[in-house]
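Letters A, B, C, D and E mark the chains in the order given here, with residues in each chain numbered from 1 onward.
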Amino acid sequence: MNGRIRSSVSVSWQRHWLGLLLLAVVLLAVPFVAALGGQAWVRIANFAILYMFLALGLNIVVGYAGLLDLGYVAFYAVGAYTYALLASPHFGIHLPFWVILPLGAGLACVFGVLLGAPTLKLRGDYLAIVTLGFGEIVRIFMNNLNAPINVTNGAQGITLIDPIRIGDFSFAQTSTFLGVTLSGPQKYYFLLVALALLVIVVNIRLQDSRIGRAWQAIREDEVAAKACGINTRNIKLLAFAMGASFGGIAGGIFSAMQGFVSPESFSLMESITILAMVVLGGMGHIPGVILGAVLLTGLPEALRYGIEPLQRALFGRMIIDPESLRMLVFGLALVLVMRFRPAGLWPSSQRRRELAESAD
Amino acid sequence: MLEVNGLRVSYGGIQAVRGITFHVNEGEMVALIGANGAGKSSTLRALSRLLDPAGGSVRYRGKELLALPPHRLVGEGIALVPEGRGVFPRMSSLENLRMGAYARNNKTEIEGDLEQVLGHFPRLKERAQQLAGTLSGGEQQMLAIGRALMSKPRLLLLDEPSMGLAPIMVQKIFEVIRAVASAGMTILLVEQNAKLALEVSQRGYVMESGEITLTDESKKLLTDPKVRACYLGE
Amino acid sequence: MNQVPLLLEAHEVAKHFGGVKALHDVSLTIRRGEIYGLIGPNGAGKTTFFNCLTGLYKNESGHFIFDGVKLEADAPHKAAAVGIARTFQNIRLFGNMTAIENVMVGRHLRTHAGVFGAITRNPTTRAEEAAIARRAEELLHYVGIHERAHDYAKHLSYGDQRRLEIARALATEPKLLALDEPAAGMNGTETEALRVLVEGICRDGVTVLLIEHDVKLVMGLCGRVAVLDYGEKICEDVPVVVQKDPRVIEAYLGGSVA
Amino acid sequence: MDTLLQQLINGLTLGAVYALVALGYTMVYGIIGLINFAHGEVVMIGTMVAFTVIVSLASSGMSPLLILGVGLLVSVVVCMVLGWALERVAYRPLRHAPRLTPLITAIGMSIVLQNVAMIIWGRNYITFPPMINKQIYEIGGASFTNVQVAIVSLAALVMLGLIYLVHRTRIGMAMRATAQNPHVASLMGVDINRVIAMAFIIGSALGAVAGCMVGSYYEIAHYQMGFMLGLKAFTAAVLGGIGNLAGAMAGGLLLGLIEALGAGYIGDLTGDFLGSHYQDIFAFIVLIIVLMFRPSGLFGERTGDRA
Amino acid sequence: MNHVRIPGVLVVLAASMAIIGCGKKEEPKAAAPAPAPAAAAPAPAPKPEMVVKIGHVAPLTGPIAHLGKDNENGARMAVDDANAKKVEIDGKVIKFELLGEDDQADPKTGAVVAQKLVDAKVAGVVGHLNSGTTIPASAIYNQAGLPQISPSATNPKYTQQGFNTAFRVMANDIQQGSVVGTYAVKDMGAKKVAIIDDRTAYGQGLADEVEKAAKAAGATIVAREFTNDKATDFKAILTKIKAKNPDVVFLGGMDAVGGPMLKQMKELGIKAKFTTGDGGCSPELIKLAGPASEGVICSQAGLPPEKLPNGQKFLEDFTKKYGQIQIYSPYSYDAVMVLIDAMKRANSADPVKYLPEVGKTSYDGVTGKIEFDEKGDIKNGAITVFEIKDGKLVTLKSEGGSAPAK
């Protein structure tokens, strides 16, 4: 009985070593299998993991604590700019990544609290628009803080950002060791996977903790949660801060991977996409959220490859140019998934039941 | 007029109404009494199709009610005065009353009935233009009854009309109910205040924990020691 | 009787909604270790009193003294922190959490693990989690629903939900347990079991404040009873006296009104 | 002083457009509590349809006003059908789904509509043919055109019409009743589904009118124009208290004025630190401040009946 | 329940990775004979054919898709023209193929499609349109040793990264800004200048340079206002500008902003002359602004078409084939031609071999003479100032550059 409650990770390690071994092999193989189709697929995989990061962070806010946040990209931006400013010729500062990433996460945390504090008493839809506004405010400041003092270099963005480097081992270059040649994207892949596993473990542990229960309690019934002695304001702020810090880390890695940041990467559409990943996958359910992130990153890319041959196969020629159709299909997919799986593609079992009961 | 057979209602895993059977004859007032949470309101909600019952049948003038969507009930001549009044708070009293006649078409007739209802409730006439949300509880209750009457119903379902009202108001409301009944209206009255309910009605059913435990003529129930026990713990 | 220490004193507590006086200068005292009943017809202000006491509403005038200290509970979690736990009239469980998880949430107040602990699962946190789970199980046993520990709260029967709510309240280690109509919707057997449970809770040292409609239960259970009617306390005494009070009978059976 | 007057005129025109679009959001939200994120796209489609009709009739020799009228009419009809279809196909099946589900559907619909528009009307900016001969008037050093006068008066007219519809007609009463208590409304004989569909249809018709106005005011159209416009109008609706008609109108006008005056004066007030490059965030800052003190917007109910 | 959670998560992760991984295997290898050009052995046929792929990237969806499609059309026409001429390299007739990609003006997508082109083993890339996508992509092309020529990214930083693969056939902001700024003061006699930019990398960069040049030439900047590239209402900032009574208003922004802005200036009765850079110097501006565009002074990189025999012909051909030019299609046309020219000179389509030749380009394009400086910027790039008269762009003067010998 106790074991069930504690659901400790160690138990599952022991029971599922075979599955985990298989998983490890698959995860190891992905960048090499993907590279057969081109390094572009490795990059897509990398962005998929990066979005998974973001989606898992937003999942804490939206999925666990039930707070609708449409400005999540602001924290991503804070992390990205923190990295860019502290590891580029812009200010001539070149700090190592292991200093900047935690710093970016911390700064994003602060922004999370700054956003949360004045807005927490707002009801759902009002909170949504205020967070949306906050996201836009951050982006517009990034876009304009080149004067009077040039902080962010405005719309021109920041170039020549240092790649992640451990000693002399740079993640940007292709290198060979132990007889295996690894391209830059492949190296980032392994870094991302390692961080992603960490984030997943953090997510799971948070969910199964005293804090996680408090979040769920607030989502279920805020008044009852208060009556149980939960300081709902602080716990909600904690959700904002935790979610934001994930965004901050993702931003830093994005900066390093791209070597360039500019405000256009942090538009409202980005926030919406991340939210769509969470909802489409299955809110509050970690495997679902991961699936959502991977699908929504992968689908447009798969369509990029697939829509042209598909059209030719169906009609024998191009009727509609592939780009228009690609986004059209993407939009339709969102609508259809929500229509037939309103709780998401892979909701947690309880969500599914919730829905089944409210529907009849 | 109304026959309820084996009606069951459940929320999630909880059975609130456990297969009850009762009937209301044309022209009579029947009281359904019982303590809080006994299942009275759930019964009424199921009758008015606000929630889907888990089983049973409700026949009204020979027709199966459970097959109809809620907005068709009023056309059949059934009006509900919901628990907690359910007035439209941001509409004026007059508009609330007009909403009652929503399903009717004859304008002159409606205006005539409006006058009549306002005559019944002089208080509402005074507050005709006031937003219903700003009325006192008693006034809202009058408004809800008046609104129900505006649909010219054959069967009136009253859900806890005395709830949360000052005694003087309760008295007034029940005077109105009595008046409506004496005009020949068929009424099903769900009420916690057993004494009042039994005093105005002809027959009564006592509900306890989702079941009907007693039924008799109201006068007899009023003196029934079991009813007193149920309420006063004597 | 006179030397029994007071746990709660309410001094002329008043609360208005719009123009309606929901509570009109209500004063009462609850002694340590007793079961105190608060009864009255629907809409008499019982739940409003509860909500003021537990910080859900802010009373306009008057104050509470709890355990010798003036209660500054402007938020429910503060009331819970000083030792006032409550249940709700219309059951407010976390429906999509299991029974045991519900009780574990109740332990929130008396535990400390933060984000760091949650993530690292250090020995302290693990020990605390184990303790939380152990205590939650004990409490489920205590209220008698341990067999349903891993069912979702919303799938429990009405009576079991009431018990679960009590277990969750007890998990906060209250000095005063405030029960809002715990017997509503229960049948005779369930009510009887509830009576035994509440008596047990009281015996184990928790003072109980009980709002109840089921007068029979109140009369059988409570040491003293106060009757509210239209926001005013019309009577406060031992059950037998209250039962005979003409004002009470009038309030309940709706006797003749001038 | 003439500058101030001019800015007020600028803000008023812009605000009138925002208000009309905001009404579309509010109509739907007021009744079922759904943010119809695709509403901006409905406005865009309205502009595009009107454009097509006007262009194809331009050489027919009909009088320009008549052509404009036909364009408006056709676009209103098309948008009504579109609004109805949106509700029927995308939202109705999700009425009992978790709250965020329809939000994502709305976003999906808006992507679909944008790309359909791109396929039909192309990627290029479209010049909306100027049908009215633009007259410029001057008052006290501030200038405005007959198109602006037409826009503001048409907007006022439409809003008055809407107020009449909602407060004086049978369907309007049914809408308000449904918004306040759908269950009881259905007991009064109101068919909730029909009323909700009507809200979408009317909201979309307003969107079409707004789209025609935007088209004839700026004389430019693009398949992406709906997004920003929708976002601004949505902000306006929330500012006023979403779900509240008067609130949407006031919010729209206020937003227009904030943007005009903000761009016009904040720069001078802050020593050019916050100049017009921050134009787009003045609205959000005002919104956040307003919501901090009135959590349900300027005209919103203090205790909302929807959580 | 709980104990399966972790593996569950990981399995999804792995499975999804695997799906992505496998996805591309199903993907048909577009036109199979992807040439590793150097390795391709000479075929026995007398006139063997060889396919050379050239990549093109621009946003084809999203707010500036119209510009992206225009760029792609320019490149496509260049490829068609080159194929029609039956270019021979290393004894083989080359069939050029254009791989057009959509980067959605999104830096991250830009990186993915850049990688996709590298994977597809294109011989060179024309693109991207925006500086924001061009810069991150340039690192990828640089690593792969692929020449990249941007027809429209004007951010100076693009060529300042020290990549030997990065070129542009378009004058950067500094070059163009100084010409326009100086022209406004010296030739138009402006004493008071108002400057508006659209807060994009392009608009901001250009406006800053114009401001510098105008100040240096002795004018006062009476107003510096801002808008955004999606805005349609400029009355608030225009009203403010009107109060400052400038002689000239400069817009750093695109024609979609300039069109409505001109109309609104007229409505507000602003008498100042309107000037703008290449983003607004297009037939599109005339279309969008209508009569309000009369008298607008604007600049384009390159020489005026009448000085370039190819220019006029290009205009006619392009319009016939794809309709109106938006802005940058002549530049993307030239960019493709520059790549092909370098291949011809190197007698190889292998990037390793012909990349050095790209730097040595001296090519008479439809936009003027194209030569690169050591950073990859166009050398001595010509800037031509136009005035809009009777709905047409009329050349006022050219600066820099030299007319090609006929």
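Keep this in mind: a residue touches a chain if its C-beta (ideal position, glycine included) is under 8 Å from a C-beta of that chain, and two chains touch if they have at least 3 such contacts.
Only a predicted model underlies this, so the values are computations on that prediction, with no experimental measurement involved.
Undergrad: What are the mutual neighbours of subunit C and subunit D in this structure?
TA: Neighbours common to subunit C and subunit D are A, B.
Undergrad: In how few steps can one go from subunit A to subunit C if every step must land on a touching chain?
TA: So the least number of steps between the two chains is 1.
Undergrad: Taking contacts as defined above, which has more of them, B-C or D-E?
TA: When the contacts at B-C and D-E are counted, D-E has more.
Undergrad: Looking at CA centres, what chain is most distant from subunit C?
TA: Relative to subunit C, the chain with the farthest C-alpha centre is E.
Undergrad: Just how far, in Å, is the C-alpha centre of subunit E from the one of subunit D?
TA: Centre separation, subunit D to subunit E: 36 Å.
Undergrad: Which whole number of Å gives the spacing of the CA centres of subunit A and subunit E?
TA: Centre separation, subunit A to subunit E: 32 Å.
Undergrad: Roughly how many whole angstrom separate the Cα centroids of subunit C and subunit E?
TA: Computed value for the inter-centroid distance: 72 Å.
Undergrad: Rounded to the nearest whole Å, what is the centre-to-centre distance of subunit B and subunit D, using the mean of the C-alpha atoms as each centre?
TA: That gives a centre separation of 43 Å.
Undergrad: Residues of subunit E that touch two or more other chains: which are they?
TA: 60-61, 65, 199, 226
Undergrad: Residues of subunit D touching 2+ other chains?
TA: 115, 118, 277, 280
Undergrad: Residues of subunit B touching 2+ other chains?
TA: In subunit B, the residues touching two or more other chains are 12.
Undergrad: Name the touching chain pairs, would you?
TA: Final set of chain pairs in contact is A-C, A-D, A-E, B-C, B-D, D-E.
Undergrad: Which subunit C residues qualify as touching subunit B in the complex?
TA: 19-20, 41-43, 95, 154-158, 161, 181, 184-188, 213-220, 230, 243, 249, 252-255, 257
Undergrad: Enumerate the contact residues on subunit D facing subunit B in the complex.
TA: 170, 173-174, 176-177, 180-181, 183-192, 301
Undergrad: Can you list the subunit E residues touching subunit A in their complex?
TA: Counting only subunit E, the residues touching subunit A are 1-25, 27-28, 60-61, 65, 101-102, 105-108, 111-113, 115-116, 118-120, 130-132, 135-136, 139, 143, 155, 157, 160-161, 199-201, 203-205, 226.
Undergrad: Going by the contact rule at the top, pick out the subunit C residues touching subunit A in the complex.
TA: 54-56, 75-77, 79-81, 85-86, 88, 92-97, 100-101, 104-109, 111, 113-115, 117-119, 121, 125-126, 128-130, 132-134, 137, 149-150, 152, 168-169, 171-172
Undergrad: Please name which positions on subunit A make contact with subunit C in the complex.
TA: 1-2, 4-6, 8-9, 202, 205-206, 209-214, 216-217, 220-221, 223-232, 238, 242, 350-351, 353-354
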